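Before any comments, here is the structure.
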Amino acid sequence: METYDLSQNHIVTPPEEIALSTNQLQVYYGSGSRASMTDASLSFPRFQITALIGASGSGKSTYLRSLNRMNDRIARIEGEIMYRGTNINSPKVNVYEVRKHIGMVFQKPNPFAKSISENITFALKAAGITNRQELNERVETSLKEAALWNEVKDDLNKSALALSGGQQQRLCIARALAMKPDILLLDEPASALDPISTTKLEVTLKELTKNYTIIIVTHNMQQASRISAYTAFFHLGHVIEYDQTEKIFQTPEIQATHDYVTGNFG
Amino acid sequence: MDDIQHKLTAPSKASREDVMGRIISYTCIAAIIILVISILYFITSRGVATFTANHVNLWQFLSGKEWNPGTLNASGQPQVGALPMIVTSFSVTILAALVATPFAIAVALFMTDIAPKNGAKFLQPVIELLVGIPSVVYGFIGLTVVVPFIRHLFGGTGSGILAGTIVLFVMVLPTITSLAVDALKAVPTYFRSASLALGATRFQTIYKVLLRAAMPRLLTAVIFGMARAFGEALAVQMVIGNAALMPHNLVTPTSTLTSQLTTNIGNTIMGTLPNNALWSLALILLLMSLVFNLLIRYIGKRGEIKS
Amino acid sequence: MTPNQTDRIATQVINFLVLIVVLILFFLLGDIILSGFPHISWHFLTSPSSSFSAGGGIRDQLFNSLYLLVLTLIISFPLALGSAIYLSEYAGNNWRTGLIRTAIEVLSSLPSVVVGLFGYLLFVIEFHMGFSILSGAIALTFFNLPLLVRSIEGSLHAVPDSQREAGISLGLSNWRTIRGIILPAALPGILTGIILSAGRVFGEAAALIYTAGQSAPILNYSNWNPTDSSSFLNPMRPAETLAVHIWKVNTEGVTPDAVSISAGASAVLIIVILLFNFGARAIGNHMYKKMTGGK
């Protein structure tokens, strides 16, 4: 494997309104002193899709999961995560509130072992929404937003585990959307899906940019280029390049990025 | 804007819930810890009273053969020699384990390697059921079947170490078997296929590969069985005869630590020597269960390193 | 001897040993069933026991066993659940957790007679609770706790971490996630564990003879006032259970038909435990099917 100079990088700050940004984010797993993520400083534009790409083990999930403090239990995280003028990587911050604003969808669909509608209403009820009608509305809207409504509208009381993988994943997206988050983090949401479901999902995500800021990890470079406005390339725990998606895929500044997007990597 | 900043930093229902959850679960675990500590403390403090309050010599207690705590011997010392009970307890435990182990391993091999399909299907539920049969039922069968049988063969009362061993053998057999099955199942299949591929017969594979690889866990299984046998009270009490006498052969009435305890603790008065002496027997039981526990851990650790 | 001959002989030895074990099993089960069943009758199940004359039943003992079981589960389940949640959800991987696990292991390895004697010492005598159902239930709790903790922890552990992540990623507290998502998902396993432990509790005698006592006062089944001393619900009365009854009639030797009573009672005990075993399996499977939508 060719070794690249990790200190050589090219990172832009998008001119658009910024929804979320990180400043010198470092992640250490366990009690180790080796950083799995080094000095990541990125700004994510509002109401856009940003893609995170890079080889396996390059730290994409590590970075993404740090953004809504999902790594709290297993990692030590240094640096700033700025959201609405607050550094949400501070121990004083209420992580539950953070996660309501910054939702997450995982690589493997993980619906609860409950009915389809309960999957969506469970967290809403916990958040204090008890009005039956409002709950029903939220179920319907979020399922529509996730492009699942037509397929399940007659089976809302059926177990979510009886859905297909692709449907389960869209249900997970609906579940996250029902919380009306500001930002949606997706970690390889399409990796378990067939091409048709993947296309559906991509269309859905594009639609969602009307109301949501989306950050998505993907291994599929076509997917990244199809749906995202900005793309960040990760390598060995470093952000190597961050720019508009077109630039990353057509005229990258850094050799490593070039090699990766053209398939000559490693 | 400010509203959101406030929300992000203020405690919410969720953070309060979490504090409550921690308090609840920490309390439960603390209760268990306190319980364990108090069991150890109470039994120990009672058990040592024989030596501290009644000034019985520890060595005499462990090696004396006369158990008659209510009376003094010729030299004016109380007769609290626990050796008969200790010897009997160890005898029945070791004999039961010795007899049960080959059967248990044979059944386990049968279920995992010789007839994994049909054998396991039939034997598994039966063994589970046998593990669940209450010890008084084993004791009752021992009393109505085993004891008369021994009486018929050897004369006397029929109670004694032999009857105790037979009852305990049947009791620990399912325990050891089910753990031995786990031990054999834990040996990866490629161990077997590799050995068979090298031309070894099934027996060679079992003997040279399987049993060796599973040895630490098999040993643990046997020790589990021994721990169960050593601590078993009522089933043994029903067939052992309950005479606090040194056993001279396998078919005369004698007494284990547990049977002596269950028979007499209700007939003695708290705080008196006869009562304290019984608590000392309980202390031996407690210490032995700790020893079994340590052994299991020690072997478990060694087994880990090897594989 | 060639290796092949050795192989054949060894296989035969193993088969022979298995055969003996199977014969023992058949003998045991056959003995319990054949000698016990003829004694089970409506009269046997519904009349009170009598110590000195033949023809006594096991009504009160059977009820005591069930009542004691219920009380034990009421006390031990919440404690075990809380502890299992601690171990599976909160405990870090450190020496403190190791110590806690060791303590629980020690508790589970204590002979039940020692646990019973501790209950006798502390509750019956020190706390002046006397021989009572409550003392018995507490002693059985000690005996039951480690197993229950282990089985509940196992069931919680079997719920994939992705479910926890799903919960907290929605802004739920850990506690809410555990209560609302992990516990329901683990419920089939937890129930199975409880029912299996119920079987053990039901048959336990050694921990009871000096806590719940060995006498069965005549109960008044129409008195629903638990504070009244003759009420069947009174938790402070002594209560001989079925298992203790079997032990007692056999060791005291004053009941003329001790053998047939014990045989009948043993069969009842085994039947109840069998029912628990089957029930555990059936309920576990049923709930699992229901939750996964038949998939």
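In order of appearance the chains are A, B and C, and numbering begins at 1 in each one.
Throughout what follows, a residue touches a chain if its C-beta (ideal position, glycine included) is under 8 Å from a C-beta of that chain, and two chains touch if they have at least 3 such contacts.
Chains and their UniProt names: A = Phosphate ABC transporter ATP-binding protein; B = Phosphate transport system permease protein; C = Phosphate transport system permease protein PstA.
No experiment lies behind these values; they were computed from the predicted model shown.
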item: Chain labels contacting subunit A and also subunit C; value: B
item: Contact-richer chain pair [A-B vs B-C]; value: B-C
item: Greatest separation from subunit C - chain, by CA centre; value: A
item: Centroid distance [mean C-alpha coordinates] between subunit C and subunit A, Å; value: 48
item: Whole-Å gap between the CA centroids of subunit A and subunit B; value: 54
item: Approximate Å spacing (C-alpha centroids) for the pair subunit B, subunit C; value: 17
item: Where subunit C touches two or more other chains, by residue; value: 171-173, 176
item: Residues of subunit A touching at least two other chains; value: 96-98, 126
item: Multi-partner residues of subunit B (at least 2 other chains); value: 13-15
item: Subunit A residues within the subunit C interface of the complex; value: 68, 70, 96-100, 103-104, 106, 108, 110-114, 122-123, 126-127, 158-162, 172, 175-176, 179
item: Partner subunit A, residues of subunit B touching it in the complex; value: 1, 4-5, 7-15
item: Subunit C residues touching subunit A - in the complex, by the definition given at the top; value: 160, 162-163, 165-173, 176, 180-181, 184-185, 290-295
item: Complex contacts: residues of subunit A adjacent to subunit B; value: 83-86, 88, 92-94, 96-98, 101, 126, 128
item: Residues on subunit C engaged by subunit B in the complex (per definition of touch); value: 3-4, 6-7, 10-11, 13-15, 17-18, 20-22, 24-25, 28, 31-32, 35, 78-83, 85-87, 89-90, 100, 103-107, 109-115, 117-118, 120-122, 125, 142, 145, 149, 171-176, 178-179, 196, 199-200, 202-206, 209-210, 243-244, 246-247, 250-251, 259, 262-263, 266, 269-270, 273-274, 277
